[in-house]
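A, B, C and D are the chain letters, set down in written order, and residue numbers restart from 1 in every chain.
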Amino acid sequence: MSKQQEKSIGWTMPVLAAHVANDLEDGWCVNLGIGLPTLVADFIPEGKEIILHSENGLLGLGPKPAPGEEDMDLVNAGKEPITLEPGGSYFSQSESFAMIRGGHLDAAVLGAFQVSQYGDLASWKLPDKLLGRVGGAMDLTVGSKRVYLFMKHCTKTGEAKIVEKCEYPLTAKHCVDRIYTDLAIVDVTQNGLVVRQLAPGVTFDYVQERTAAPLKKGEAVTSEIESTGVQT
Amino acid sequence: MIDKKFNLAEQAVADIQDGATLLVGGFGGSGLPSNLIAALTEQGAKNLTVVSNNIGAVSDGVAALISNNQVSKIMCSFPVGPHADDLIQRLENGKIELEIVPQGTLAERIRAGGAGIPAFYTPTGVHTELGEGKEVRVFNNREYLLEEAIVGDYAFVKADTADRWGNLVYRKTQRNFNPVMATAAKTTIAEVNRIVEVGELDPEEIITQSVYVHRLVLLDGVREGRVLINE
Amino acid sequence: MSKQQEKSIGWTMPVLAAHVANDLEDGWCVNLGIGLPTLVADFIPEGKEIILHSENGLLGLGPKPAPGEEDMDLVNAGKEPITLEPGGSYFSQSESFAMIRGGHLDAAVLGAFQVSQYGDLASWKLPDKLLGRVGGAMDLTVGSKRVYLFMKHCTKTGEAKIVEKCEYPLTAKHCVDRIYTDLAIVDVTQNGLVVRQLAPGVTFDYVQERTAAPLKKGEAVTSEIESTGVQT
Amino acid sequence: MIDKKFNLAEQAVADIQDGATLLVGGFGGSGLPSNLIAALTEQGAKNLTVVSNNIGAVSDGVAALISNNQVSKIMCSFPVGPHADDLIQRLENGKIELEIVPQGTLAERIRAGGAGIPAFYTPTGVHTELGEGKEVRVFNNREYLLEEAIVGDYAFVKADTADRWGNLVYRKTQRNFNPVMATAAKTTIAEVNRIVEVGELDPEEIITQSVYVHRLVLLDGVREGRVLINE
């Protein structure tokens, strides 16, 4: 299961971010995790109002400020200067996590170290590290109405990140709803992992070889294979 | 585009079904969503469980739903007042069940419901009639009661100003139970005196964030009655 | 224990309110219960800053507004129009009771139906009534740093309100610190009920006869009796 | 007359004893009471238990107390960052004990401490390493962990503006942990950019009520450093 991936194959991260952004619904309140997931903000389609939440106590996260306009009292969960959209508001951390844990966020888009076929997530601590960085990850995964992962399909060394059972310390069990990777979009369902969409030029078998848990073909994938006659 | 505005209170309450749990803000007449209550008396849903602090302080509050025979259970801290006669009569003939909850426990149970906390311990009510049957547990040599969260199907709240997203700003002690109830219902309906453009509310002053409000009803200046009189 | 009380004897309620006000310390945050205790606000000495709390979500309660100036959005815990002092602020009921239960009020001055020699309080429900009116009473009594009662020494029919054991439904056990009545000021101590001060012309025995629990003489009462030679 | 102002940060922190539990607001450098921390490094109290969300994000935060060997226990959600080397070294040689707490649980435990709630149940951390050894209980078919309140001997908070009574107003995301920590300590010390007359703050906009703040330190415009740079 440690297959190297060709550099040129699959979606680039910005294109993948656009896929995520496209799936967010008008009016949703969404938390984008620190790092890669923040890319999604740049691809929200015109005319769709997505209210971004930042767990340090802000709704209505806007883009980065212009150079020289940074305000140290206005930062995101990654402690980077940001701006506030019209309609945005400030609140405390306890109010912010009441909002998260209380189920008021429509979706959280998060990074991952490992995700299991049952939607268990490991994202806060590597087994060989002394320290983990849990931050708000456990609250976001148990509280958000939908948890989407935004991640590379494999590690830098080619190890599968989608696995039968997480070996790394868990963030939460049964919490992930959908996995967006450079190779495919995979739903976590009661019937197991179902590939919803393949990146252009990527076959089902190619994804399965780089996944350490059994995948199923979703309806759209099956019909595309049938219509194009492309071997998977 | 987000737009939570309903043109009429009747439309905003139209889907409330028999048996629903309803949180109603207000402290006496202050911050009372009386137009939503009036619309619900016209709509007629029955067997409601109503959670509200005061019952009977004013005629156009929860008392109106009781008199209209729409309520089967009340959770409140203060079930008395000049308009409590119909409640008392229905308690006596067993038509309504009453759960008296200390005011702070009521507020905290609702907060817990909105904050994803299923239960908590509180010192309030230990060794009293209102604590009977509840789990008692000792922390640091003091006794506490276990209290469970309250979640509503609907919340009726009153605020002064909203924007299209549903952010709310209150006026003075109009806040009372409104901000906490807004967080604790599947569908929160706010009646407001005015709706401004997104971006007009001071982000430091927004008390109920947009994410908590699902429907907005703008008072038309005729039906709102009690509030504008005092402005 | 059902001795009628002479109408003219003891402190009037306004004078008693002045005694309470005098015992509140500069800078204290105090909740005055609905009814009689609200009298205390009128007697806070000049130059002493007492911040009054109202459990419906207000700190810095001011006096009643002038006629015609009432604002229906600015009411106290009794739902009466009031005003806000400079420095005052508004907050929600959940924040208000977090403040109360969290021990942030220096004192609550409350009414009572009965109080026991151990400081148990009954104040929310009469045994013959279908309904009680608990409101914030249970929270205030368990949460406030000090609980002072402000009440008539006996009921209208002359029954003692200070008793060995409360017969009425309890508000909280062991919560009362001091009892202000028209006849005396009584501390609830680990050694029982101690009379701290007698109203002018009221003897210790007179109070004891109207109290259904044993009273002790406090230091000030003892020394006054010794210096004046008045028989108790 | 109420006056909570101390002329120097050194005076406001002078009585902090060895072994005290200290809550420190801020999220990275935003809303960080760095002048109080600096004063405490000079004051020198040892064996402190420090509760703060981020450790190591900035050099003038809790990291300064760690490097100065004043800390024996840390409770935080994010113990990593460019200035965490001294923490890691002291963890490895057993000089510091670390309790990692999920951020929302940390905030809620502190809120509980300020709100008189000794313990509550939360879904966060169930079936994880951080939930090990904690009581698990089922409510409505879902598992929850029992979490206990955190109360500090002292809280260090940062706000933008105060009045003489101790009311606090924050600026933007400066709020973070500051309002909740202010409620949960026996003695709360606030460093602020300005102090205005009582009555000048908008009563609708006060976030931390006067009752929660015991001492105020006005930044003198020289030592405050990081904040005014960005105004």
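Some notes on this structure:
As a convention for this text, contacts are C-beta pairs under 8 Å (C-beta built on N, C-alpha and C of every residue); 3 or more make two chains touch, one makes a residue touch a chain.
No experiment lies behind these values; they were computed from the predicted model shown.
By number of C-beta pairs in contact, B-C leads when B-C and A-B are compared.
Look at where the CA atoms of subunit B average out and do the same for subunit C: the two points lie 31 Å apart. If you average the CA atoms of subunit C and of subunit D, the two centres end up 36 Å from each other. The geometric centre of subunit A is 58 Å away from that of subunit C, both derived from CA atoms.
For subunit A, the set of residues that touch two or more other chains comprises 84, 90-91, 97-98, 100-101, 142-143. Along subunit B, residues 108, 111, 115-117, 122-123, 170-172, 203-204 each make contact with two or more other chains. Which chains touch which is summed up as A-B, A-D, B-C, B-D, C-D. Listing the residues of subunit D that touch subunit A in their complex gives 27-31, 53-54, 57, 77-80, 84, 88, 91-92, 98, 100-105, 107-108, 110-111, 122-130, 160, 170-180, 207, 226-227, 229-231. Residues 26-27, 29, 47, 49, 51, 53, 59-60, 84, 86-91, 97-105, 142-143 of subunit A touch subunit B in their complex.
Against subunit D, the residues of subunit A that register as touching in their complex are 54-58, 70-75, 79, 84, 90-94, 96-98, 100-101, 125, 130-139, 142-143, 169-173. Residues of subunit D touching subunit B in their complex: 108, 112, 115-123, 137, 139-140, 142, 144, 148, 169-172, 202-205.
Subunit D contributes residues 1-2, 111, 113-117, 163-165, 167, 183-184, 198-199, 201, 203-204, 206, 209-212 to its touches with subunit C in the complex.
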